[in-house]
Structure formats: structure tokens, C-alpha cells
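One chain, subunit A, appears in both complexes that follow, with subunit B as partner in the first and subunit C in the second.
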Partner chain A sequence: MVRPVALLLAATVLCTAAASVAGAEKQSVLVLLDDPALEQSHSTFLKSLSARGYAVTIKPITHKALQLKSWDDWLYDKLVILGSSNELGGAVDVAQVVEFVDAGHDVLLAVDSGVSEELRELSQELGVDVDVRGHAVIDHLGFESQLGGEDHAALLADSVVQSAAVLPGGLQGPVLFRGIALSVPADSETAFLALSGSPTAYSGKPGVAQTDAKLAGGSMGLVALAQLRNNARIAVAGSLDMFSDAAFQAHATSHSGQGLGQVANEAFCAAISKWAFSERGVLRATGLSHRVVSGAEPGAVNPELYRINDEVEFSVHIQECNEGSCRPFKGDDVQVELQMLDPYVRSWLRHDGSGRFSALVKVPDAYGVFKWVVDYRRLGYSYIELTETVPIRPFKHHEYERFILQAYPYYASVASMMAGFMAVGAFFLYTR
Partner chain B sequence: MNQQFESVKEIVAEFSKSYHKTPQRLKLLDAFSICALATAVLQFVYAKLVGTFPFNAFLAGFFCCVGTFVLTLALRMKASEAGGGVAEFGGYALAMCTLFLASVNYIG
Partner chain C sequence: MTRALAAYLAVALLIAGAVASDITLADVSVSLMEASGSIVASTSVTGPSTANLGTLDHTRTLKVSLTTSLSAAPGEDFRPQQVFLRLTCRSSQDAAYFAAVKAKDGTLYATAKSADIQKQVGLQSGAYTAAIIVGDTRAAQPLLWTLGEVQVLHAPLDDGSQPAAAPYRAIDRTHKPLLEIVHMHRLPERRAPAVVSVLFTLVAAAPVAIYVAVALQMGANLKGFPSGGGFLAAAGFHLGLLSILGLYLLFWLRLTMVQTLPMLAVLSAVTAAFGSTTLKQATGRGSKLE
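And now, the complex of A and B:
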């Protein structure tokens, strides 16, 4: 009876292993299009997704039978919405996309000036505010003269986030942008601007004179990225056109008629989609271990307890994964804390060049339930949050130092009191 | 002033004269308790000079002496009454043994 059960178990394990390997090989992307024509006009971008190894499914955003999950299984790993005035169709709504993100999946959302209320709400739920419908980003001094000569709403943007994880090597040329402004709350812990407006850009209605603008300059976002607490990633772009074939091919001409060469849209869109789909700037922490160097049990690896004032070495391996290849991470600002509610020790983790980060720490002179905490959050990189609980105990009764030289007078005093008691007692009892 | 000094001298002389009549065994208890007190004071001075490092040892030694002093005085009070305090010696011995046990444990 035992054997068939074991066989069945082994078969199940093999099947799930095979399934997970197959799943790791090809992730599925659902692309929702506002207009079927976008499949033609944005073909280079959509093909680049398939070329990067995704199984791409393209559907109209208003599709009646649209669904992201079937019972409790998510049907897709990533979601791309090239949206505008249409609302989400089928079983998909804002709540479900938020649930999709909460499950750790990534979303790339691109909208334009005709953005629907539902997509604005979705963007807001993901941490990025989209300006009101009908507004556009305008720049009277930074517009592209061939495409935006009329309304100054096609502009060349080049202020990008300085992060090697998002844009390695920076931006080669300006990004052609026509669309709506975004904003990220100043106190946002998750979202940041990947492409922001030039100092002369503002958000307004094209062709209408206006004296003030709520969104303007460098604090106005054109493309925003977010790294959520569960390491799911979001990209929100205020422009649909920047992903189009036409924009990928365009040559920029400044408002003064000066040729600026080819725009960098293709490289920029590839960079933000790679970042948003967790292909870049992903940190993996493995092999957390700690070892007593000197103290109660020298050499003990991952002991259950430390004794106060032990000297301990903490180490962890961190790798940085970019586009499928993982290399040792070379950050110099990783810290580890030993905390019991408050951090008692905070120490730099030094790496040896091959991804092993370690620190030599003297355990505090306080006992209780302590834990190691590595909490690493840097712009553009996925978060590292590691905790390992190790209680610290005081000295045991027999572990204290004995027969200390300077304590001999005290020993002598107690001995003399004992001897005195014996002598006095005997004398007291046997004399009259 | 001089008169006061004279009267103090008188008191001391009177005291030493009457103390000579005190039984030998009470004198012994007095000597032991004074000795214990002196040892305690010495240890306190020593700890002030050398530092409090083995603080547990200092506490054990110091309070062992103070405890001995107090217990011995208590026995002396009983011994000066009628009956000579022999009956109370059992309690004294038990208290002393408990004190020594605690001191030795604590001295490290």
C-alpha cells in the first residue's frame, strides 16, 4: 500500500517541477489595446515583447470576455494597457488589476490626453496621479517643430531619472512625447519619475491661453515608475504615441529648426518596459548565515542563541539580475542591524567582489530576543528585506570568571568570619 | 570645656572599671563583633581604592561582615540577660550558617 502512494507522490512532484520549469521559461503578457489599429501602429514595441521571450496575447480593452484570472489562477504574469478613452471590459476592473498587482504581478499602463476615468482611477490606485482628461503637456520652448509646430504639445524631453538600474548608460538623445501629465505625491515611498518635464513645460489645454498651471516643470511627470512593497513593479506613461513605430523612427528637430538626430524613444521604451517587467535592477539575497567568531561557542554556524558580548560574523549573498543574467552585486551601502525593537547595532556589510556581504559584529551587552535585519531600499532596485531571529542569553552561572586576584581580600574576609564564628562559638559554649 | 573633658574622662574610667567585671564570654562576643565591623570598613576602603570590579565579591564580603556584626550583637543582648544565651545560640548558629551559604554563593 505504501509503494503506490510513494509513486503517486513522486509523479506529482515531477509534474509540478516540470510545470514550474515551463512556467519559468515563458511568461505570458496580456496586452489590452484601446483601438485595434494600435497593433499596427505600435508593432515594433509589441514585437519587442515577444522577442524578449514573452507569450504575448493581444486583446481589445473593451473585450466582453476579458478576464485576468480563472478561479484562483492568474492567467497572465504581466499586463500592458495601451489605453485611452475606453473603459476596462469583461470581468476586469480596477479592483481586479490592483489584486493582480498585490499578487506580485507587473503592470505597464500607457494613456494619453483622452484618458478614461477608470484608467485614471487605476493609475491613482497604483500610486501615480494622471492629470484631468483633455489636458496635455505643452512646452513653448521645447516642442518638436515638425510634429508639434501647431499646438506645441509634441515635445522633446530629456530629464530622466539617474539610476543605473533603470537606464544603464543614460539616455542617448531626447524622447519624443505627446500626451498627458502625471504627478507623484511628494511623500510617495514607492513611485518616482523616470521622465519629467523640462523647466518650461506645463500641463494645460492646447490652444487655450492660461496664466497658471497646477503641474509644471521638473515636478511634472511624463513617465512614472513604481516599485511596490511586494516588489511588483508599475510603469505609467502619459503618452501612447511615444511607444509607436512613428516615434521610434522619428528624427527630432528643435523649435529653432535645428536637427537633433534620431530620438531615443525605442531605447527608452525598452528600458522602462524591461524595468517594469522586473528584467532589470532585481536584487536576490540568498544564503543568510551567521557564525560565532569568539565567545561562548567559537565556530558555531547559525547557532540558536548567542551569549552577550559574543563576536559574530553575519553574511549574506546578494546578486543583481539584469536581463536574465545574475552577477554579484557591488553596492557599498548595504547595512545590517541587530535589533530588539530598537537597533542596538548597525553595521556596514562589506562585499568581497563575488557577492558575499559580511560584517563582524560584537553582540550587545543586553539579553533578549534579538533579530538580524537587512532592509535595503534603493531607487530602481528591488527591495531586500531579511530577518533572522537569534535570542541573546546572559552568562550562565558557571561561566563567570572565578578566583580573581583583586577579589582575594573579599574571599579572605568571608573565610575569617567563618573561622571566627567557629572559634567564638566553641569558646562561648564551653566556658562559663 | 575643661570641665566637660574631665567628665568624659570620668565616664571612660567608670566604663572601663565596670567593663572589667563583664564575663569573659561577653567580652569575646564584643571583640568578635568589633572585628567584623572593622573588616567591613576595611573592605569598603579597599573597594574605594581598587575599584568595584568584582562587585559581587565585594558585596558578598562586605555584607557577610555586616551580617556577622549584627547577629553577634543580637546574641550578646540575649547573653547578657539571665540564662546566659546558651538557648539562643542555636538560632544564632543557624542564621550565621545561612549568611555564610549566601555569601559563598554570591562571592563567585
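And now, the complex of A and C:
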């Protein structure tokens, strides 16, 4: 019998299998360029994709024969759009890219201040809003003086997401950024900012007095990432220039003229593209198991039923896959719930250092169809969603406690009645 | 071509002029206003300050007004590209921003209400640091003045207390561990002490013991138990009754109804047969006695 959990685990493994880039077959990446010249100006970034084992196909974004799928087969595993004012050509449109993502594929979208309405719409569909065309991120207090001395729109950003899955070693220097602002709706449960504005930065039209402050400070995004519910990943960058060879080699100079060393664009862009292509922060859950420690059937592994008040051990193996290698996950905040519509028990899963997470749970004294649920969502990591249904039954009539001392008066009264019956009969019949 | 060159020269001159230019702020005042427009508190600021600016509750408006000028052109109207009032929550460092607009008299002013702060950083009441940021590409140095501290209060709950702060972004709520839930199992019912149970067992068993004792005292005996031909029937009858009572105990302890009923049928038939004979004899003996 194929258990539902087996199907779920298989689905999880399929969704997270993208980590094995160095697998037998190369994953294919389609790169769409707004301008053919970007192939030269952004060659280091594009070559790094090939170096990481991807089969890279580069096409102009306006290519008339552009297509992502042939009949029902997707032609590519990942999509990179280095876009600006041009709209998507060929058979590719916003709906098809969204369908591509819904099928579990990853997308990296980079735009700049000249962003077309179609790419803005695409970004919005993916959960990240892009500011209006013509606006730019400006920081009069944090601009890069060599490149942004004129319009203060080339800035040095160092406010990054605190996630070991996205940026394992943190940021080693500022990121040179020239581009458009992004924002993530406050009610979004999927998208977050990987690089955000400094407390003095804002989005506006260069050279024009700003009369509203809708996008400013740390809530203004420069690069946003999204981990979708199907474990597909999205990266949206508000700057094309930050991926360029020139930006990779630039040395930062603060607005006061102080040299700040080489910028960290190359490492940062590599980090977000690795994260976006599911090369980092991928969790794999296998071997879900539960056994009765004490109760109705001590030692029973994956029983069909529990009895109320059973002591049960729940366990699952979780591995973290980074850049093709998987190691035991060592998170201390994994939880398991025992639910019947509402959670009755929520317990911490403790790991043994080798990836086995377990918890000892006393089954509630309420019976019905319960299920184990592991719903692990942490910033930067792929989601783990596991469920295993195990009904809980009450005691059978013969499983209750017998011969309770407090019931002895009742037993005595029954025995007394029997003895009395015999004594009365004997004396009545045989007394002389 | 000539026009383009002229434009280039103008921009170059502008940039060159900007190098030596500084922004000057004047008439900087921070005031708290009621909804009616009356001013509750007003503070003049002449430089970075840590003054207490008062309490901005949900009925009030915080207004910062100022005039700006560029040192290179002191008499000219200068409107900087960025004049923002920034309110930074002390505890979370989340910041709300308000852009200044120009009043009819030429001053710049920015206003902030607690509801507007809530839209940007969520429900976070408490101390906020107010600062004014003034920046422009024509100025060599932007300005960042701390104006002081303002207490922000949101609309209170029914009991007058402030609503609890909650993560503004949904992802901060959903991507963190939840509180542990320990199921409260029903406690076993209280039971009487063992001494009481034993005592009541003796009380329950006492009547039959007293009955036997009193009956023996009054001369009850078994001397009339038949011997000879009637012995077998009487013994069978009483053994049958005892067996039925024994079967009752077995049914209670281990047998099922289906197992019990056939045994009861056999024992009942045997007991009834012996009982009939025994009772006939007893009746006959009784009539003889009469």
C-alpha cells in the first residue's frame, strides 16, 4: 500500500532535487538580454553560470522565435532576464513565465530604471513590485562618488538579509547599485528583501524635488527574493549594472571621497543567483517515521492507529543541500504538530547531529482522525511540508483498569448476596 | 551643436558650483497640533538636538517646518530634492518617512500622524527618534539633523491600553517558530483512600455474616440435609446453584456472553432437574411434618 506520506515525501524530494546541478544531465538556462551588448558587458556573470554546470542559451529578449515550452515540455529549467525597456518577444509573455514558475522552475529577473510595463507586470505577478519607470534609487548621503557624483543614483548598499542560506559568509564589502527601487507587499508570505536601501535612501526622479516618500529607507528593496509555495525561487534585482563586469571590478569611494576597497558585487550576485537557482538552502526531508514507545502496542512502527495517551516517538531525517552536497541539517527550531483541525500538540524536534529529528509525544486523550504535520518555513530555506494521518482511538471496553480497590465494596455486596442466597436456602430447607 | 555645448557648459557650471555649496536650514520648528489646529507643543531647533518633542497620539499631528537655502545663492529660492522627516522606532529601528511639501509662504513642512506611521512600520507605539534629512545634488554636503524624541501612541484599545506590537511583515510572522503546545490530559478522578474502601467492603460483607451468626444462634442447622436416596439430588441441586454463581464470576472475569450462555443452559437444566426432585422431597417432608 502506497501511504500518503510516501507520495508527499516523493514530491518534496522532486521539488528539492534541483540542488544536484552536477547531476548526469546539465540543467538548461535561458538568458534573455535587453541589448545584445550585455553579452559582452555582463560576460563574467554569464560565464559563471556556464562554469556552475548549466547549459546556457543566450537570446535577445525581443527574439521573434522565443519560446519556453514545446507542446507540454518545458525547454529550459531556469530563466534569466536581463531586461529593461524592451518587452518579451515570441511566444513568451507574462502568463507563460508565471506558468513556468508554477511548474517549479526558477527565474532571475534584473531590470533598471527604463523597465518596460510588461516586465513590471511580470515582477508584480511574481510577488515583487517595481517602482514606476524613470525613477531611480537616490542616496544623497550614501552615493558612490566616482559613478554617482552627478545624480547621487549610484549608491553603495550594505544592508543585506541576515540568512546563512542566502549569504553564508555575510557581505564582505558594499554592493554598488544603480537602478530602480523594489517593494514587497507587507502581507507577502513568500518574498523578502535580500538587499535594501540605507536609512537615508529614497526612490524618486533624479534632479527633481521629491514630494512623497512612498519608497524610502530599509523597507525599499534593491534586490528581492521569493521562495514560492511550490519551492520555485525568484530573484528580482532593481539594477542591471550591478551584474556587469564593470561593477564586479569597481572600487568603492564614499561620497566624502574615502576609498572603501573593492565592491562585493561579484560575490553578492553569485550568491543570489545560486540561491535563486536552488543551489543553496535546499532542505530534503526523508524517512518520516513514528512508533509507539509505550501504550497499546509498544514498539509498533508506523501503526495504523494510536490509542489515547500512548507515548509515541515521531522522527524524520532532514538534510541541507548546498551547491550539490547534502549534509545533516542542524536547525534547532523544527517543530511537529499533531492536528485534528487545530493543533493539539506542538513539540520541538531535536536532532542528533546526523540529521535525525525526533520528538517524544504523549498522544492527546481526544480521539478522531489526527495527523502529524511538519510545516517548516524559515527565511532562505526551501519549505518542508509533511503530513501523516494517524487516527486515535479510545480505550476498548476490556482495556480499562480492573479490580480497583475503591470498587471492593461493590464486589463484596455481590458476593454477599450470593452467599446469603445459599445460606438462606440451606437453612430454610434443611433446618430441623 | 552650439545649443548642446551651451547646455553642457551650464550643467558643468552647476556641478562646479555645487562643490562649494552647502545647505543652510533656518526657522526649523517642530510642533504638535490637535485635530482642531491648536498647537499643543512647539520646539525650535537650531541644530542636531535630543529634545523631548512631546507625545504624538492618534488625534494629533506632528509638523516640522523649515526654510532652506544654498550657501552659494543665499537670496534665491532653493527647494532641495530630498526633504524628509524620518521617524525611527527606538526598539525595532524601523523607520517611517514623510516628504516635505511647500507652503504658500515658501516654507517647507512635513506632517506625520500615528496612523501614517502605522501604515509604514505597523503598530509600534513608544519612543521614536525624529530626524530631518535634506539632500540635493547641487549641495556638497547633505544634512541629517536629529530633532529629538517623540512618543508615538496609536488609538488605544477599549481598556485604554496601547495595542501590542506585532511584526509588520507577514513573512516575519510566518517564518518563525510557533509557541509550543502541551496537551492538557484529563486528570484521573479522585479516589477514596484505601482504608475507606476496605472499611466499606467489610460493611458490605457484614449483613450476610451477621445473618449466618444470628441464624446459627437461633438454631439453624443442616441436620435435615437428605441422606440416602435424596442426597444425590440435593447435593446436585446445590452444586448446580454454586456452579451457576461460579459461572457468573467467570463471565465477569474472562468469558464472553456467547461462551457463557451454553454453559448456563446446561447448568440450568441440570440444576432445575435436581432442584425439582429436591424440592418435591422437601415439600413431601414438609407435608409429612404437618
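We take it that the second predicted complex is superposed on the first by the 385 of 432 C-alpha atoms of A that agree within 3 Å, B and C clash if a C-alpha of one lies under 4 Å from a C-alpha of the other, contacts with A are read in each partner's own complex, and residues count from 1 in each chain.
Throughout what follows, a contact is a pair of C-beta atoms (placed from the backbone, for glycine too) under 8 Å apart; a residue touches a chain by one contact, two chains touch by 3 or more.
Only a predicted model underlies this, so the values are computations on that prediction, with no experimental measurement involved.
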{"item": "Partner chain(s) touched by A:212 [first = subunit B, second = subunit C, both, neither]", "value": "second"}
{"item": "First, second, both or neither for A:346, with subunit B first and subunit C second", "value": "second"}
{"item": "Which of subunit B and subunit C A:379 touches, first, second, both or neither", "value": "second"}
{"item": "Contacts of A:420 with subunit B and subunit C, given as first, second, both or neither", "value": "both"}
{"item": "Contacts of A:409 with subunit B and subunit C, given as first, second, both or neither", "value": "both"}
{"item": "Touched partner set for A:431, first subunit B, second subunit C, both or neither", "value": "both"}
{"item": "Touching partner for A:395 - first (subunit B), second (subunit C), both, neither", "value": "neither"}
{"item": "Between subunit B and subunit C, more extensive residue contact with subunit A", "value": "C"}
{"item": "Footprint overlap on subunit A, comparing subunit B with subunit C", "value": "404, 406-407, 409-411, 413, 416-418, 420-421, 424-425, 427, 429, 431-432"}
{"item": "In the complex, subunit A residues that touch subunit C", "value": "138, 140-141, 149-152, 184, 186-192, 199-200, 202, 204, 206-213, 216-219, 309, 333, 335, 337, 343-348, 362, 364-365, 377-379, 404-413, 415-427, 429-432"}
{"item": "Residues of subunit B that touch subunit A when the two form their complex", "value": "24-25, 28-29, 32, 35-36, 39-40, 42-43, 46, 50-51, 53-54, 57-58, 60-62, 64-65, 68, 72, 79, 86, 89, 93, 96, 100, 103-104, 107-108"}
{"item": "Footprint of subunit B on subunit A - complex, ascending", "value": "400-402, 404, 406-407, 409-411, 413-414, 416-418, 420-421, 424-425, 427-429, 431-432"}
{"item": "Complex contacts: residues of subunit C adjacent to subunit A", "value": "15, 79-84, 86, 88, 93-95, 97-99, 101, 120-122, 133, 135-137, 139, 142, 144, 168-171, 174-183, 185-186, 191-192, 194, 197-198, 200-205, 207-208, 211-212, 215, 219-225, 238, 241-242, 245, 248, 278, 282"}
